[in-house]
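Heads up, the thing below is written out as structure tokens.
Just so it is clear, A, B, C and D label the chains in written order, and each chain counts residues from 1 on its own.
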Amino acid sequence: MIKVGIVGGTGYTGVELLRLLAPHPQVQLAAITSRKEDGMLVAEMFPSLRGHVSLAFSAPEKASLAECDVVFFATPHGVAMAQAPALLAAGVKIIDLAADFRLKDRAVFEKWYGMPHSCPEILEEAVYGLPEVNREAIKQARIIGLPGCYPTTMQLGFAPLLAQGKPLVNEAALIADCKSGVSGAGRKAEISTLLAEASDNFKAYGVKGHRHLPETVQGLQAIAGRKIGLTFVPHLVPMIRGIHSTLYATILPEARHIDFQALYESHFKNDNFVDVMPAGSHPETRSVRASNMLRIAIHRPGGGDLLVILVVEDNLVKGAAGQGVQCMNIMFGLDETTGLTHVPVMP
Amino acid sequence: MIKVGIVGGTGYTGVELLRLLAPHPQVQLAAITSRKEDGMLVAEMFPSLRGHVSLAFSAPEKASLAECDVVFFATPHGVAMAQAPALLAAGVKIIDLAADFRLKDRAVFEKWYGMPHSCPEILEEAVYGLPEVNREAIKQARIIGLPGCYPTTMQLGFAPLLAQGKPLVNEAALIADCKSGVSGAGRKAEISTLLAEASDNFKAYGVKGHRHLPETVQGLQAIAGRKIGLTFVPHLVPMIRGIHSTLYATILPEARHIDFQALYESHFKNDNFVDVMPAGSHPETRSVRASNMLRIAIHRPGGGDLLVILVVEDNLVKGAAGQGVQCMNIMFGLDETTGLTHVPVMP
Amino acid sequence: MIKVGIVGGTGYTGVELLRLLAPHPQVQLAAITSRKEDGMLVAEMFPSLRGHVSLAFSAPEKASLAECDVVFFATPHGVAMAQAPALLAAGVKIIDLAADFRLKDRAVFEKWYGMPHSCPEILEEAVYGLPEVNREAIKQARIIGLPGCYPTTMQLGFAPLLAQGKPLVNEAALIADCKSGVSGAGRKAEISTLLAEASDNFKAYGVKGHRHLPETVQGLQAIAGRKIGLTFVPHLVPMIRGIHSTLYATILPEARHIDFQALYESHFKNDNFVDVMPAGSHPETRSVRASNMLRIAIHRPGGGDLLVILVVEDNLVKGAAGQGVQCMNIMFGLDETTGLTHVPVMP
Amino acid sequence: MIKVGIVGGTGYTGVELLRLLAPHPQVQLAAITSRKEDGMLVAEMFPSLRGHVSLAFSAPEKASLAECDVVFFATPHGVAMAQAPALLAAGVKIIDLAADFRLKDRAVFEKWYGMPHSCPEILEEAVYGLPEVNREAIKQARIIGLPGCYPTTMQLGFAPLLAQGKPLVNEAALIADCKSGVSGAGRKAEISTLLAEASDNFKAYGVKGHRHLPETVQGLQAIAGRKIGLTFVPHLVPMIRGIHSTLYATILPEARHIDFQALYESHFKNDNFVDVMPAGSHPETRSVRASNMLRIAIHRPGGGDLLVILVVEDNLVKGAAGQGVQCMNIMFGLDETTGLTHVPVMP
């Protein structure tokens, strides 16, 4: 059994980790920390966990995190990097759901997150936890920076196009028009995500610049081995879970003959959690609700030169907690799908 | 033209007052106060008001409230009573949307709202702003304590039964099972009313005791002229606006022959904003959305002794801002419906 | 392995059965019938099942239902009773999610469902599939009539009160104010349950009389061994899944001293799928979303004589498909919780 | 007073016409037809209209449409063209909310709508009812083909760019990523728009081709006086009203110096119902809910060459009924805003 600790279990990614890890056949939940809720039963805060999780929250200093095999950080940005050196030194593996170990370029991190990076040598070692791109590196990793929710859809959606030897599309002018459910904003008291504000409403936000842009550009460039240019426009959807990314890429003249459907199917043929749907499909976010699956459909409207790629995921599962468990499975030599075979909840 | 001031224009009842008052043909909006937003255009905070409201928020001390004819308080409990004495002394009428002037018994107020009442003599003078019950008193009033959103539905729903010379139902055991949209909780940063918490969910709350209970009991007793007993169970509905109250009363043996449909129709025959629907109707909250109308339907399932009364209103209009404007119209000798003839928005 | 057939797999209870049965460790899905969709892959209609269910729908006459160990009917009323005699004769057990085998009194069935009952002798044999009440009978049953979604909450919510030797509450005047998500109306093309009609809206319906009333009265009387009287008022909530029933019962003078919290805890102490929450709780429907759990909380507002019982379930799981699987587990000697240990999905 | 008839008053655009026209100061509602509901009070079908509309539906042959000044068609495609010749001959003006008079090229109409056009000479005369583009022609028109809901946002969103003497953007590769509330699908019994299907969900649809594509291309080409190329991807949002269109255009090198914010403000400076918001804004659909306003914001992320234009409207008002009333006002010489000055409903 893998002894697992969770730092910061009171947010949506924290409670989602608990939903996935409590029944995981190879996991023993050892500790969940929350300074504010020290001593409170987890199931008191989240009655959905009554009968499934008997742990109480404990203050960080009381939790024996150093005795865990792996610790998940479901915390605000900056927390994981403060605790990482000591845990790694104690032989504990780390999976960070925040942004501390995503951006390889410290200057970029510091610009977008407004804080210095406190352990650059660990940052260098950290592996970006996108198994469909980095599976081999994850196997060996001691510390994982998990992708953001939007970046997972954009990278997996564009990957088959960029991973070829030479460009198939205009890589300088990629567009990602992304739509996310409100849980993506976290379990935080804010007016803008109140039901009375966000329900029966739709809007774009952060068009000027969003933290997931540099992360995605870094990832796409790593996949392509070339510079790329991306415009990313996020929108808020009045729903709880789910991301739908509509991606646009202009096919280069020399690539017009390519069977993109076949290209995508082939690219992901060994990936359990990526489903390339039949040509002409319109994936719905609810078709992956509460599961770790990501679905993709490829369109070429009017047979023209614009490729439209539709990608859906559950932002709390494949976009966060589920991807973390997938990485954990890989790091500990388990089958990648262990504890992650949920049938999506529909309707 | 009536010069109107609004204290506390940044919440839902405040912005709703602006929606109703900006196009009101007899109103001139003179001032809207908000200490925190001093100088900010109202339409910057609420883009829905662009082109309709050109005022900026101003700090209370800068606003010439004393020059208004009437001031609405759309503030937290306790604010209106602090400012009422000076405004009344300056000849300004007051309509308070909070609870400062609802409860006649100071001890009850202090128990449920946890603060002393600072101007008991004004409290004594204040008129409870439910026009269908208190129209004559409102005409003469200098200061109005507007009913809460739930109490409006419960009082108007039970009124025809209680307003008779002798009891028709078991007045000691009235039940009100009420359901409210989330805007009733106000425009406040709180986790429990986030879309990700309150959407696709339903729950009761405050079953132990809710502030609208003593207010409603006071109002029902005033209508009946007798002691009554009420159990009030509020619930949270995943929608923005609307209250649906399902009221239960047990018919006394001597009243079994009564035509309750006729009783209700007769009781409200002169009330423009109460619609007694045809027998057998199921009023929907959206049938009053964004309007000042309250609709009622009477049922007697199986022809038995339990009367079921269904009441709907828009909690922000008839349950708050609209009722305030209705009172203002009455206080200033206007037709009661002036500026309040909106067709409900459906769908 | 239990060979399972499903008749009528295209509605919400059908697809929910598939979600529960596909990963059930003791089940082999053998056939799913739909005349209209004969030959279509189930996962084509429900993409959420891609990778989990490889079966295609087949016309009833092609499906070898007679070779199954058990057949679930997720069909309109009237279908199961037409096919039951032949299947039973072939040694196949039957679990009907519709109403064909719920009402013991044929006249009552015929009045409320508007069709004659075609196999009264099987009706007589059928067991009402509410395990917390009928567990022993279910063990021996060949054919199960599963409770409706509302009746499950009402019966389990009132059961501890009625199951005592003598009355504790006024059993002639029980009230159930129930609220259901829209999936309860089924996957049928109807205007009244369109998102544009039912969203941001709340209403009561069927106050005059609802088919779940006679079923619940029958069940409550069986529990009490006495006549009872019930008023049942259903409401439609703008959410997908979930029922919240608010139950009212007037405590008799001789029962005022009883510790009802202890009574409920004791009554359900051996039931895995009923959670009596701590005193003062307000169960939320999402706390059971996508799980077979039913949660109950007991209130006595103001310490008075009215008992308020709050009950939540997922109408598609404990209110339908999950309860069916629970019965199947019992009928085949499995642990009652096999395949039903899902952690509720929250948020 | 303008005598107004409505053909087909039972859908969402029909009831919205009634909401707008009932209180319109220059309108007398003369007839509303529905063969199926002949004799039924309109307010019985739509209780929101109780007290506002006293008319009953009447069968078409009973309604004296020929005595009206103007008739609105809120009907399925094909109905208006069948009745137009007789009404025009009787001197009645026509405003069609369906597609019969939108597409100037009969072959294109017949391809996308699958029916022959029965009155091509009237089609030729018909004016496309987009006032911000065609105001002068509307003044003189006898018959109006009103734009679709999506096309209104796309045309007004791109218009300032295309209306210049020479191209400013790559007009061959325009992209419109559009999102619509569910009322856009109409008041029709369909499974895909049930609350239980469309709520808490997001998906694209019609990516292969949507009827609003040829209409928009025709409109944009008329504005530009040049060929344009457009990719249009519609999506379904779990909300009732509102369209948010996110438009993408690549700035040509020679246009990089242009102040697009100023260009847009100048272009629409005389249009009462188009609000160009301050630079950096993110318009929300609720900021126009239940009003005829359309709001636009211009972005140039990272100062690059991709222009991102955000456009919101209420699909039932500016996207349908409101635009129809706006055209009527123009046709009858009224102020364009008469009866259309609603403050948007927020929250």
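Keep in mind that, in the parts below, a residue touches a chain if its C-beta (ideal position, glycine included) is under 8 Å from a C-beta of that chain, and two chains touch if they have at least 3 such contacts.
If you're wondering where the values come from, they're calculated on a predicted model, not measured in any experiment.
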| item | value |
| --- | --- |
| Common touching chains of chain D and chain C | A, B |
| Where chain A and chain C are represented by their mean Cα positions, the distance between them in whole Å | 37 |
| Geometric centre distance via CA averages, chain B-chain A, whole Å | 46 |
| Distance from chain C to chain B - Cα centre to Cα centre, in angstrom | 39 |
| Residues of chain B whose C-beta touches two or more other chains | 12, 181, 183, 187, 196-197, 199-200, 238-241, 283-284, 286, 289, 347 |
| Contact graph of the chains (line, ring, star, complete, other) | complete |
| Of chain C, residues touching chain D in the complex | 12, 181-183, 185, 187-191, 193-200, 238-240 |
| Contact set on chain B toward chain D in their complex | 12, 15, 18-19, 22-23, 46-52, 183, 187, 199-200, 240-241, 275, 277, 281, 283-284, 286-291, 293, 295, 341, 343-347 |
| Residues on chain A engaged by chain D in the complex (per definition of touch) | 173, 175, 177, 179, 181, 196-197, 199-205, 207-209, 229, 231-233, 235, 237-242, 244, 246, 248, 250, 280, 282-286, 289, 299, 301-302, 304, 306, 308, 310, 312, 347 |
